[in-house]
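By written order: A, B, C and D. Residues from 1 in each chain.
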């Protein structure tokens, strides 16, 4: 598999080791996840959908913070993720799918951002994701960009629950056919035109091991953000900040071992 | 202009402000640059060329470290660059061009990496680029990835020279038709196939103001690097480390005001 | 000169090189500085004074952001500073002095914080200080701690002025006898007692070269901060946040070459 | 308890919350630790001892990497540690003690460095400590300073062992009377003289809960380092780099809950 720079030969990454083989992900990485969900206004969400997509079911937004460690493809290193999903359906010329639409996903390391955008069509961006603050049954996760804090996720009253798999109806966004994405790469020199523009699907993956599950209450807060504060991302934070929180829904904190390498990812037409 | 995430609308960036207008780059950014060049073995360089490219002229590699500041599109912020260029020619079905081929380029901020790769076809990667160490007529620049230092650029005996424009024959890689690139984006789900694969050209841009020029001697050192040390980039560092330094050539340090927004970038077929 | 760890021998630092000699600071470091001053309430400031100190003259607070580069003692590296000064007098048993009291000073590198606190008695703390955002005649400087932005300095309408030395009455806090500090080190095991507690004085230093001076208007904003957001420094930010801004005073942006190594620093009794 | 800046009032820290109370450390922080020990030459170690100290028992150096999380005094945040200990005895005018001497300790956050140096007399310095790389039964920990990697700790063949408390004879350096330190603060203005100079003792603390213990083999590698690479710390790394490794000893990886707040720390005379 190649990525830029092309001339140096194939690039190792999540789905291809230095020996061109895939990695064993059955027992690693370790994933610590905290998630908060809320009911919002259907019209606000509708405006965030790419072409061919429509809302499916209740307009419930799930914001999840993940800490990945022991990643085989990063030689045992890790990184963190903040992602915003909601249920949607894709209705293409050939393909139809219903699932959890990943509207935006932040990571604090550029390497998985590049392979995720270009190989998988994940809408990944970079920001700072400090390690979560854990105080007994309370958890606080934040996201900032060059010092400007734009998102705060707070979970309280976390109580132990029986681990199960899937741990939670909405957990991991694997409801329905899987997770939906919209891949878009511009055409060089023809500004405004696309070189690549199509939906993508992450099918549900076999069962990682849920080691611990805690349920509680939670709240997410996206903060008002100007162009000067985040000149390439302010429009995203503003749109998320504008989503009304009509009702708080489930909040959970899980620890999981094992993952998919996402090599089942495919384009939808 | 759109980039992922698509659903939130157009994304501001180097060639498009929050008001959809272009930025005035006549007096900013400020660029501090230190560069070292050396003669290497033709066969080694030849292996680093993408399809359709051939070496042109002497196999002289130029390694340049740039510190950009006062960038209008980043609301006055900056970032740094390390890039490796050598002269090459592209011979396409329709287009022919000779110039400076940008084989790989590192930046220490993800946002320009994403727009650079996807809009322009620049082979940008992320690494840490600490501010240059400046001790009178000596300059040291280094690059590391999560703590592993993989490149060291050292310039000594820097002496003031008359500013001129272009400041140096090889300066800025603008010889010939401009700077050459190879854009490559994989096809999702069809691993090993390309969704986008073509050469790109950055035409020479009008004259930025050279405020200061110093000439001296210099040396670049790429360090042996294992997969465990840089699991997504070791093959690049190893290839650069293997380039024999047959003869040191020019080394220079310049300070420049003004730049192009690279909106003249175009695809070559 | 020793600092902890003691057993490895003398520690090189700002006032002692690896050869035990002092550094030549006549032409380096380079200092970029932006400062804002304002008139505040006398009673609020009074509460921030250590034992033996009293306000002197108008209660004018100066908040200054500095970017140091080309530091000889850091082998050509640099770091940044945010400091909060106001005029005060020290009336000791033996010594009397009037000057600019440095109430708190943040730096974004631990090494000068340690030598500054322990050798000089500077009240230095650590925070993140991103490079200033420079947009023509506007400058924005910010400070954050692990992602929580707690101070924003904004200067606008900056216009070129004749460089002079001292560039400005309040510039660099060198009015009167120099800059005043209060050194305090706790007694190990006897919690609440001091091992070291006395005032210190930085005498005015000979003239660095002012290369550029711009005057304008400015504003500083310290943001409300909880214990959870900055568990070791919230009380400082809260006190600064509570200072009423009765009147904006001078704002300036300067570039300077050369500095003192502060080896004239002395204890006041 | 006060620390600089004094004028803003008492400073919260590891041994004092915002309400002036101590923190409950019975179940948090969480500590992940990897340690390697080796037999070295007695004469080399002897030179690293402060006044009043002598080696005690075999010259065995233990290098330990710790990842702390869920720290109550940091509102649930964490940081990492790299420390170098060996057995020594202190023979003072009044006090005698035998224990594990902490010759140097690096942390990747300035706030605990300041309270540790000034309140406790720990020889703490700052460096970058990336999260450990964990690949099944292998662990790699590294330390760097502004991009220069100066220490690498590698553990292999880690096998589960029965958790016990103390988990290991040498574990945590709590053998004998506890951990020994040498506090040193310079006298301002009288360069070369001490304001504070005495030994300190950390008595053994009650039992934290060992959750997991793995034993294996390991190796530590300090890399040759110049003044230019680490201008304030090169002499320490050089001394550690020069220690001959005569024989590898125990290597272990533990996970622990609960800790002491070190308020039993006391001066030795």
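One rule holds for everything that comes next: a residue touches a chain if its C-beta (ideal position, glycine included) is under 8 Å from a C-beta of that chain, and two chains touch if they have at least 3 such contacts.
Nothing here was measured: the structure is a model prediction, and the numbers come from that model.
Participant: What is the set of chains touching both chain B and chain D?
Facilitator: A chain counts here if it touches both chain B and chain D, which gives A, C.
Participant: Could you run down the chains that neighbour chain C and chain D together?
Facilitator: Touching chain C as well as chain D, we find A, B.
Participant: When contacts are scored as defined above, which chain pair ends up with more C-beta pairs, A-B or A-D?
Facilitator: It is A-B, judged by the count of C-beta pairs in contact.
Participant: Tell me whether chain B and chain C, two copies of the same sequence, contact each other through the same residue numbers or different ones, using over half shared as the line for same.
Facilitator: At the contact between chain B and chain C, which are copies of one sequence, the residues are largely the same (over half shared).
Participant: Distance-wise, how many Å sit between the C-alpha centres of chain A and chain C, to the nearest whole number?
Facilitator: So the centre of chain A lies 42 Å away from the centre of chain C.
Participant: When the C-alpha atoms of chain A and chain D are each averaged to a single point, how far apart are the two points in Å?
Facilitator: Taking the mean C-alpha position of each chain, the two centres sit 38 Å apart.
Participant: Just curious, how far off is chain B from chain A if you go by their C-alpha centres, in Å?
Facilitator: A distance of 31 Å separates the two centres.
Participant: Please list all residues of chain B that touch 2 or more other chains.
Facilitator: Those would be 74-75, 77, 130, 133, 140, 146, 228.
Participant: What residues of chain A sit close enough to touch chain B in their complex?
Facilitator: The contact residues of chain A facing chain B are 1-13, 15, 17-18, 47-50, 53, 73-75, 77, 103-104, 109-111, 113-115, 117-126, 146, 182-192, 194-198, 200, 227-229, 231-236, 239, 263, 265-267.
Participant: Would you mind writing out the residues of chain B in touch with chain D in their complex?
Facilitator: Those in contact with chain D are residues 128, 130, 133, 140, 142-144, 146-149, 228.
Participant: For chain D, which residues are in contact with chain A within the complex?
Facilitator: 27-28, 69-70, 72, 74-78, 130-136, 138-140
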